[in-house]
Amino acid sequence: MRRFFSLGLLCLLLLSVTVTAQAQTSATVEANDAAALELLNALDVRSYSAKGEAINAILQSDDERARDWLQSLLDGRLQRTDDGRFVVVLDNQGRDWPVADALTNEPLGEMSRRDLDRIGINNNLRNQLRSAIAVVDLYSPNVERRRISASRLLGEVDEELAEPLSQLIAEEEDAEVARRLTQALAIYQVESGELEGVETLRGSLHPRVRVALSRAANSDDPIIADAANEALSSIEQNLKINRGLETLYFGLSLGSVLVLAAIGLAITFGVMGVINMAHGELIMLGAYTTWMMQQLLPGQPGLALILSIPAGFMVAALVGIAIERGVIQFLKGRPLETLLATFGISLILQQLVRTVISPLNRTVITPEWMSGSLVINDALSLTLNRMFVLGFALVVFAALMLIMRRTRLGLEVRAVTQNRAMARSMGIRATRVDIMTFALGSGVAGLAGVALSQLTNVGPNLGQNYIIDSFMVVVFGGVGNLWGTLVAGLSLGIINQVLEPWAGAVLAKIIVLVFIILFIQKRPRGLFPQKGRAAEG
Amino acid sequence: MSLLQSLTTRDRVFDFMAPQASPVDVRHGPILYMEDVTVSFDGFKAINNLNLTIDDGELRCIIGPNGAGKTTMMDIITGKTRPNAGSVWFGSRHNLLQMNEPDIASLGIGRKFQKPTVFEALSVFENLELAMAADKRIFPTLTARMTGEIKDRINEVLETIGLTELRYQPAGILSHGQKQWLEIGMLLMQRPRLLLVDEPVAGMTEQEMERTAELLTGLAGKQSVVVVEHDMGFVRSIARKVTVLHQGSVLAEGSMDQVSSDPKVVEVYLGADDEEAA
Amino acid sequence: MLAIEKLNQFYGESHTLWDLDLDVPEGQCTCVMGRNGVGKTTLMKAIMGEVAVKSGQLRYQGEGGEIELTKKAVEARSRLGIGFVPQGRQIFPLLSVEENLRTGLAARSDGLKKIPERIYELFPVLKEMKHRRGGDLSGGQQQQLAIGRALVIEPKLLILDEPGEGIQPNIVTQIGQVIRQLIKEDGLTVLLVEQKLPFARKYADRFVIMDRGRPVAKGEIAELSNELIKQHLTV
Amino acid sequence: MMTQSSSSQFWLTRPFGERATQIFLGVLFAALLLVTVLHVALPQGHPLHVNAYTVNLFGKYLSYALLAVAVDLVWGYLGILSLGHGAFFAIGGYAMGMYLMRQIGDRGTYGDPVLPDFMVFLNWDSLPWYWLGFDMAWFAFAMVLLAPGLLALVFGFLAFRSRVTGVYLSIITQALTFALMLAFFRNEMGFGGNNGLTDFRELLGYNLRSNDTRLGLFIATGVALALGYILCRAIVTSKLGRVCVATRDAEARTRFIGYRVERFQLFVFVVSAMLAGLAGALYVPQVGIINPSEFSPIFSIEIVLWVALGGRATLYGAVIGAILVNYAKTIFTGVMPDAWLFALGAMFVLVTVLLPKGVAGLLLHLKRRKKSAALPKEATA
Amino acid sequence: QDDDPIKVGILHSLSGTMAISETVLKDTVEMLIEQQNDAGGLLGRQLEAVVVDPASNWPLFAERARELLAQEEVDVIFGNWTSVSRKAVLPVVEELNGLLFYPVQYEGEESSENVFYTGAAPNQQAIPAVEYLINEVGIERFALVGTDYVYPRTTNRILEAFLKDEHGIADEDIMINYTPFGHSDWQNIVSEIRRFGEEGKPTAVISTINGDANVPFYTELSNQGIDAADIPVIAFSVGEQELTGIDTGPLVGHLAAWNYFMSVDTDDNYDFIDAWIDYTGDEEAVTNDPMEAHYIGFNMWAEAVRKAGTTDVDAVKDAIIGVAVPNLSGGYAAMMPNHHITKPVLIGEVQDNGQFDIVWQTPSTVAGDAWSDYLPGSRDLIADWRKPMECGNFNVVNGSCGGSTAAEEAEAALAE
């Protein structure tokens, strides 16, 4: 992006890193401390350009702690106490923070925020630090670090770096790192007008490559320009395909959210016929359960999230049972009235969360293994959190399908909703069926909440945001048909995402709604209608 | 079909522009004519190349095993079910397959359903009032008034169906048999040219059956009546011509004696040991 | 098998069953008759618990001795061995034929998971249409399904509310024969509501005529005279 | 019963023969009169004085009540659970709002004689075509009825023709209002986006910020409610009303006796939409703002809740429900700002569980009890 | 009368969609009242809070405002968050001659005699923020992403004009995108932003995304790997409060422009934070910009009451212009004649602990501009509520005071 580095400096660095490695053993600690303090002191200035120079100074020093300091500085943990010492903050939650001495690494207990001054950095410095660390890391024995630093070099190579780079490529064992470095070199070659570079870059989807080729395509040299153009057009072609795949993924992912939110309702509303306006709040409870679990298990967001799956189900199911027993059982045969009562319940649950927990959103942490993307290629990466949600939605759907199709509960609940009196006459314990089914639907809503906590706000309004969509998906799919809910959710998601790039988010949403209205004219009973004499009345 | 077209045919949007339904034309033959009608549900042929003709003023009994397609046949005539193939004409002018239920009903085809369906929230009286032959467009309905004449007619029918005492009760509380009667009453109020009566005497006592028989035979002549019934005693008491349906097509047709001695009919329907019919 | 005493039932404010006494002897077929709206169906529903009774007793001779039905939940009654074929069939319209039958398995004590083959033997059409939705069946097919469904629970007492309604004659005959067969072979007790005299005469052992919510005549079926019929069954 | 014939010559006069309507109109006009007298005749400090704030508040409730009546007409009698009636209300409101905006003239912030303020600062150079005519009262008032009526006509025509019923109909009405909400939120639509239309000054030359105008609007809303009620009552007590009920309970069966059900549905739906539009038009000058949130699906659901709480299919129940819920909201949000949702939620739950037919059902029940207590027990044989 | 408490109306949503933002503002005012009472009240009288809940419903805002003024007869109102709620309330406070202190940054284009705007006008937030991006960060491409309503629309319109006219940014280097309220699926837009930023020029996102939509937006940003160092996002509606609902780990370095951050290193601020934490009893409680605005507004009002010696609205209105009180960032906020105040503009970078690190600030405070210089319709308007001008929209070109007051004066004259 930016030429953040003077190349002379870079070479110097490469040199110094190698030198440091040898010098380290012989350096004396005491002499270092005074010098180190001076280095750090230089950081404690207001001007960011002065800080930048201080950082360079640290890099050029042969102090073995340099990388740690830079990392702490990058993380914003390098701070200065009122009495002029430098400390590293170990944990910066709350008002008092545990700290350690920056020079000795000795823990110093807790300090108040009032007594600490952060050594601030801005994005430019952050870039500088990253690159500095990256260049150091290019020589790291750690392959992962080398890969990251190699990626950063794309578009950043120039004359003086080109040479050491070729040598590094030759020595590199990791194919990925080598490929990246080759590309980085090739970009430099293209920029300096060498045709060879264009050939190397052909087919690469990396944006920096594209920028370089675009520039080359406008170059005065017709041979280069033609080659670059040709390479570009094949890249564009490839990009288009990848963009299509990406849109499909976006659609599936949005769809899976809709499915998850709606699937519990497909049970309570679709199968049981209860217009459960509190469905959204049950989702909300699932999300809050995740938050609660993460509070109970600090530092283990992943474990907490996994435990939230059963916990979220249970919490929502129990609340569902309470709702069923407390209210809905009295409304048998009056399905429309369940609308009124459950709306009341939804108001109560929302306000309950506001009063008991907080009107503010809560932070739910995304565990390491769920954040970031799965990189398919330079132009296509799939976000992991959404991939998990998509998978989760499918698993939940399959499980529900099994329960409704393969267990007695599935049969009994359908019998009870179709003809309650007769079902009881057949010996079906209708009350128990009601409780279990409602608990199941509610529990699934809770599961949706657990998943949604990874994508969106965990706050008192969470439920409200999903209730309308959920009903729409269930009805659009065809009431009482789980497949319908799945297909409806996924297809609405895909339609929305396909429309969005050219219509914009607002218009896309409107178009989807109009589409639903028109579609229902064609199929007045949804995507998968209940068929047959009885349904047609 | 297209939106534009339906908007341009304004008489379909605005009731008051609709022409008066033209009377059924029976000068050239039967009142109901079904030819090669076929209906299939998910591949199952409920009606299979059915041909049936009902003459004006005729009383026809239709019998046949459960699932033979009798009710489905009525569904086709009244516009509830669209056949996959074939043609259905009412008189020589009206192609019923191109009309919807209310149009067919206002042409003068009335129906009593196998499973009694009445308007449960309305009183017995109101059920009859709504069924009554009248101008059923919006504004006439809105401004319709209850005249003494209408009241008399309703009361008359109430008397006939024995529900006078219950006339202000909501129809929802009626017993099964009472609903059957109410359905018959509604049919009478409609004064249709063609009555389709699906199992009128199910759940009736012997004496009620007799009354129903009288009623239906009384109507025949002026109106055409098609009766579906499994009670052979009843069929025998009213039948002139009987059609036997089996697997969606006509198995036999003729007088009661003819068909009940037909071995095929005995085999699929009456049973060897048919004492009720005796 | 079932002894009903002083049963009173109300729909809202209207008194439908009046101090009704009725005995259903074990191993016999008792036929209840009466004009439309006298309360036959209501009585059956009261026995099943589908309508609440105001007062009176329903004493049922179950496996473990006498049981007071009024104290039992509806779903418990079928588990005690009472099978019910209601008026109007009450098929679960969106369940397949097979699923309709399977609902009856809940009430069986032996935990059977499959529909007994015998049901399909009795009503072959059900096997043929096993996968069709109950609601799509023709009226008569539904009636057969309703009877089949009640038989799935292997009842001790079978309540049939106008079972022949809408069924083709040869199958009506067959149903009558099955009832007799079950009575004879399994000691089944049958409580039958029937308007059609020939059927009642042929397959019932005893009759009860109801009028305005109470029994007005009862006896062996042979004693069902034309006079009684004229008096109570004519409008 | 409803079938009792009335000697009236004109169907609209039929409801006057009904006891319930007489009582309703009596109570309504007594209330209008009482509030007016207490507001006008008593001095400011008097304990019984009704201040302008309260008059205004009740004016708003009455417009909600008219909206609820419109919803009850389609839901209670036709069985169409419209979850999108807020759309018609809002459109009526916007029609009125556009008129009121045009009345501002050059007194707006930027002093533009034609363009409303929001158009000036978003650089519109001329009035979009659909704003034309709204400077004329007659045109605007006609649009108050015609715009929602037309939308209902087109939407209803499509839906009823395709025989969309039950929840499917409910959901597409909801989709309709949701789509309109999103559309109206867009600034490009030319309706002021999220900020909507505000800063109204006068209506037919009367200053909207004067207490007399407020009283006038309150009375006008009351009268509109009475007229709307009578119209709805006339419809439901007519034979057409019974066809509606028949449709609600057994749509297919109604067709088989010869009624073109979709036209009846369309007719009543359009009438209801126009009443809702009228309610919206009366609402806007009283609250001083119209913004797309009136299109929000939750608002439409709330309207249904008023009706359900008051008692469905009675019309006066809808009025009771609308006033009760909104009054409760006013009281609760003032008295217990942190906990009023608990109270409101509990109210919904308790009414549903304890009063199956809503408040109107309770009234009916009490009346019957009184009646049967008055008459000594009849012997029933 | 003299012993009666002074009534302070609080008009913030405690339920509905806006409760998330507004509830703390209610608490803030209550805390300030408590502190004032502990310090002996005002003019020897105690203060009393009158709290109502307008429930995120705009007509209800108008109704509640009317109730506060007509029924409760409060002396001043602190309230509102969204512009639409303010628009709904405006006619009411003008008609009943109330005082409203509005604490949130907004799109400008307004100056009412009865309203005091203690939040930022666009020139106190958006413009300096963009200048920072251009001058300090070297940004050359801008994605303006916002929720589709008036504040983002207006702000973006101003910014667009500013970028093109003042900095010569080309059309193709400005991308504008609007989303509905509460938008939760940002995949496409973030991916579009990513591609927009991959064209080789330094790119930044200017976000006017409102409230609830922010969490999923930032979550998507971090998951699609958009790093602040590559494409920084600068937000005008995301403060400490909003960050409490976001896992900030991956967002370090993204920016926000405000007039106050909780991380401001002054003793006044630490005192305020401590008081707030004590008041809420929540160790994790955070402070934010609109809270500071209320802090300033409340103190200004109190000062003006002292100065006027009465709570009488007209007297306070006159007295408050020119009143200066300390803000929390070590300077003073003064009430300008246009009813806007002076504020410093701070740019902060998100830290992993949910706080902002201040990376830049204006050398001095900036006075709020009611009428933007970058919009053609309002370029010529100024507001000055001092006598003799007393006009909120004075047109300096034709020398007349257009709009609301003129009409009212005419009417008042007519009525007399």
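Letters are used for the chains, namely A, B, C, D and E, taken in the order the chains are written, and counting of residues starts over at 1 for each.
By definition in this document, a contact is a pair of C-beta atoms (placed from the backbone, for glycine too) under 8 Å apart; a residue touches a chain by one contact, two chains touch by 3 or more.
Nothing here was measured: the structure is a model prediction, and the numbers come from that model.
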| item | value |
| --- | --- |
| If a chain touches subunit C and subunit D alike, it appears here | A, B |
| Set of chains adjacent to subunit A and to subunit B | C, D |
| Top chain pair, ranked by how many C-beta pairs fall in contact | A-E |
| Most distant chain from subunit D by Cα centroid | C |
| Chain occupying the most central position, where position means C-alpha average | D |
| Mean-CA-position distance for subunit C and subunit A (Å) | 62 |
| Rounded Å distance, subunit D centre to subunit E centre (Cα mean) | 36 |
| Centre distance in Å when subunit B and subunit E are each reduced to the mean of their C-alpha atoms | 73 |
| Subunit A-subunit E separation of Cα centroids, rounded to whole Å | 30 |
| Where subunit B touches two or more other chains at once, by residue number | none |
| Residues within subunit D bordering two or more other chains | 158, 161, 182, 185-186, 250, 252, 338, 341 |
| Interface hub residues of subunit C, defined as touching at least two other chains | 136 |
| Complex contact set, residues of subunit A against subunit E | 1-2, 48, 75-76, 92-95, 113-114, 117-118, 120-124, 126-127, 130, 207-208, 210-211, 214-215, 246-247, 250, 253-254, 257, 350-351, 354, 359-366, 371-373, 381, 383-386, 454-461, 464-465, 496-497, 500-501, 504-506, 509 |
| Subunit C - residues contacting subunit A, complex | 48-50, 73-79, 84, 86, 90-95, 99, 102-104, 106-107, 133-136, 149, 153 |
| For the subunit A and subunit C complex, residues of the former touching the latter | 408, 411-412, 414-415, 418-419, 421-430, 480, 530-535 |
| Touch list for subunit D against partner subunit E, complex | 51-53, 56-57, 60, 106-112, 118, 120-123, 182, 185-187, 192-196, 198-201, 207, 209, 283, 287-289, 291, 293, 329-330, 333-334, 337-338, 340-341 |
| Contact set on subunit B toward subunit C in their complex | 41, 44, 64-68, 70-71, 114-115, 162, 173-178, 180-181, 199, 202-208, 211, 230-233, 269-277 |
